[in-house]
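Please find the structures below.
Okay, so subunit A shows up in both of these, paired with subunit B first and subunit C after.
Showing the complex of A and B:
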């Protein structure tokens, strides 16, 4: 119980700071829309069908996520708040889960703002029947993205290359998530009802999430040390 | 220590000569692909070395975080470097092999793709190491990434395989039938390359230790 309260304290601190500056949310949102526009021109005339649209969606989501994850420790580090956080009489795991949860919230908010724009741009209609399933896929993918991303963000912020390091470390680890997310979104948008394939991929996403939350939970304390 | 290294080098050298003999003289020439099929032995026997090398990185990373002994970090670094070099060879020989076998240089086949993703993971691992100055911190970060990266490899492999089974497979791999002498040659080759990996690891480890010692002396004199 105490654990959860401490995690929520960190999350509410992050949200309060973000509401004041709106730095991360604004830039992520503009970035997502920008990537959609760039992909639209990059594919040009050949652009057709749901398959490419789904690729664009997840490409945009992943790039925006990296942008946000890069920022998750920047203020803590630059303004010396990280030392304060580390001095708190709590477990390192509390900081980890707090940061995972707040980046989860920020990324989800941006995605929910970008999703209607995506539908208008590329699909021309909103598939209301399977919307809940799509939201489930987005949330499950986000858990994987943030559990890995928070861990690697804490590493990359402490390197010489800083922002340069995160995408290089993050993308190869996240490839299974991308595969599952693209596959599932494609299935949901084309198939009319729930199928066995959807279940297989949902399970795959869930397994990935559990494994990487565990990895993050167990190794995070070694990153924040000194 | 010195003596053991010499023995390992000698055994590896003999095994390599034997492997070359087995591949080019002992094993018969394949009927359909002819001499081209020879690269198959080298490709298959190198292909598993990156998995072994990165497993060593993974295990050494865990032991390092647990014991905090810098030796384990050094072994992990050396193994990652060798694994990356051999993985590059796997990708190149794989492309040369894919051309006669499947008619293309590259196909997004699960094993090939996994080798590529591993290459990217451990290139990142080495870049990360270069980007941290302080030795203990570098070792900690590298260990955490070494663990996370290795765990993602089987998940990547599985998801790429499922992805392919649901997708139609355009290029069907034409299976080659292996004659018993071919299998013997393959096994000899496998053993030779595995020995070669351990031989390289030992030499690299020795080199790295000497280099670290020189760095220590330099900083003592300069600082």
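Showing the complex of A and C:
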């Protein structure tokens, strides 16, 4: 109970700071919209099919997520507050889960703002009954993205080329999540009902989430240790 | 009443890569004492403070604080200990109140609102409670940092170059605050390269050079002239 209270305290602090500065949300949102606009004009009238569209969607989501994840420890590092957090009487995993949850919220907000633009530009129709599935896929994918991204962000924040280091470390690791997210989104946008294929990919996504969260939970203390 | 010292470090070493930052550090500190660690830049003062603050694990050796082992009981140690660093460890985009609220909640402080108001008055920042910390002067940030540290009423205070970057007026305010805190039965360890400030507050002195303890002594045996002479002799060796 105490851990949950501390995790929520970290999240509410991050949200308060972000509401004041809007550094992370603004940069992520502008970036994701720009990618969609560029691809919309690049493909023009010849654009057809959902496969490419969902590829563009998740590409944009991932690049925007990297922007946000790159900044999730910036205040802690630049203002020395990581030491302040580490001086609190709590397990290091609390810091990890707090930061994962903060990233999850910020990335999800940007995705929800960008999704209508995606539908306007690329996909005119989606079975309405599958909208909840799409949200489930986005949330499950985000858990994987943020659990890996938060851990790697904590590693890269201590390097000189931190802006470059995170994408280099992040993208190779996140490929299984990306594949599952693209496959699932494609299936959801074309299938009229829930199918076995969707279930298989959802299970895969959930398994990766659990693995990545466990790895983050077990290794974060050593990452923070200088 | 405990018989063992409040803080005991035995055979403490820290190695970063191939660099031995601390080597075989031993000292003991009783409750209510004020240990000043003096040394030139790169002597290992900050690393020693970070180890005692549970921010960095030692490569070898052991530390016991209030009966708790640094490796096994770091959470219990953090509940009893506060760190005032040259970096105030405050979020610049949050207000003074929001910073204290955040740290207070992380420490599970009861009756937090009253505690925050009381501490802000103590450090003479009550009138800036809802101002963003980024707008504070360096001295004001350091005073707010003291309020942050005192939130959970720690019995042990670690001070890492607390006077660094402060103007003379802010230094006087910080010294007054430290004098008041010394009357509250707390134990202090301060790292500094300022011999005068170090001696002014100390009950005992430890000089570090190149990661080793080169001198340990009681303040009563020292004045600033012979401390300077001892420091120059050991550090220039």
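Simple rule for what comes next: the second predicted complex is superposed on the first by the 216 of 226 C-alpha atoms of A that agree within 3 Å, B and C clash if a C-alpha of one lies under 4 Å from a C-alpha of the other, contacts with A are read in each partner's own complex, and residues count from 1 in each chain.
Everything below uses one rule, namely that a residue touches a chain if its C-beta (ideal position, glycine included) is under 8 Å from a C-beta of that chain, and two chains touch if they have at least 3 such contacts.
Given the structure is predicted, the values throughout are model-derived calculations rather than measurements.
*Asks:* Where does A:87 make contact in the superposed view: on subunit B (first), on subunit C (second), on both, or on neither?
*Replies:* Touch partner of A:87: subunit C, not subunit B.
*Asks:* Touching A:215, do we find subunit B (first), subunit C (second), both, or neither?
*Replies:* first
*Asks:* Could you say whether A:225 touches subunit B, subunit C, both of them, or neither, answering first, second, both or neither?
*Replies:* both
*Asks:* Classify the contacts of A:183 with the two partner chains as first (subunit B alone), second (subunit C alone), both, or neither.
*Replies:* Touch partner of A:183: subunit B, not subunit C.
*Asks:* Going by the touch definition up top, name the partner, subunit B or subunit C, that contacts more of subunit A.
*Replies:* Touching more residues of subunit A than the other partner does is B.
*Asks:* A:165 contacts which: subunit B (first), subunit C (second), both, neither?
*Replies:* first
*Asks:* May I ask you to decide whether A:13 touches subunit B, subunit C, both, or neither, giving the answer as first, second, both or neither?
*Replies:* After superposing on A, A:13 lies in contact with subunit C but is clear of subunit B.
*Asks:* In the superposed arrangement, does A:41 touch subunit B (first), subunit C (second), both or neither?
*Replies:* So A:41 meets neither subunit B nor subunit C here.
*Asks:* Give me the intersection of subunit A's contacts with subunit B and its contacts with subunit C, in residue numbers.
*Replies:* Overlap of subunit B and subunit C footprints on subunit A: residues 225-226.
*Asks:* Mind listing the subunit A positions that touch subunit C in their complex?
*Replies:* Residues in contact with subunit C: 2, 5-6, 9-10, 13, 16-17, 20-21, 75, 79-81, 83-91, 225-226.
*Asks:* Quick one: which bits of subunit C touch subunit A in the complex? Just the residue numbers, please.
*Replies:* 16, 50, 53-57, 75-76, 78-79, 81-83, 85, 87-94, 98, 102-103, 105-108, 132, 148, 152
*Asks:* Under the definition above, what is the set of subunit A residues touching subunit B in their complex?
*Replies:* These residues of subunit A touch subunit B: 148, 151-152, 155-156, 158-161, 165, 168-169, 171-173, 175-176, 179-180, 183, 197, 200-201, 204, 207-208, 211-212, 215, 219, 222-223, 225-226.
*Asks:* Quick check: in the complex, which residue numbers of subunit B touch subunit A?
*Replies:* Listed in rising order, the residues of subunit B that touch subunit A are 65, 117, 120-121, 123-124, 127-128, 131-133, 137, 140-141, 143-145, 147-149, 151-152, 155-156, 158-160, 162-163, 166.
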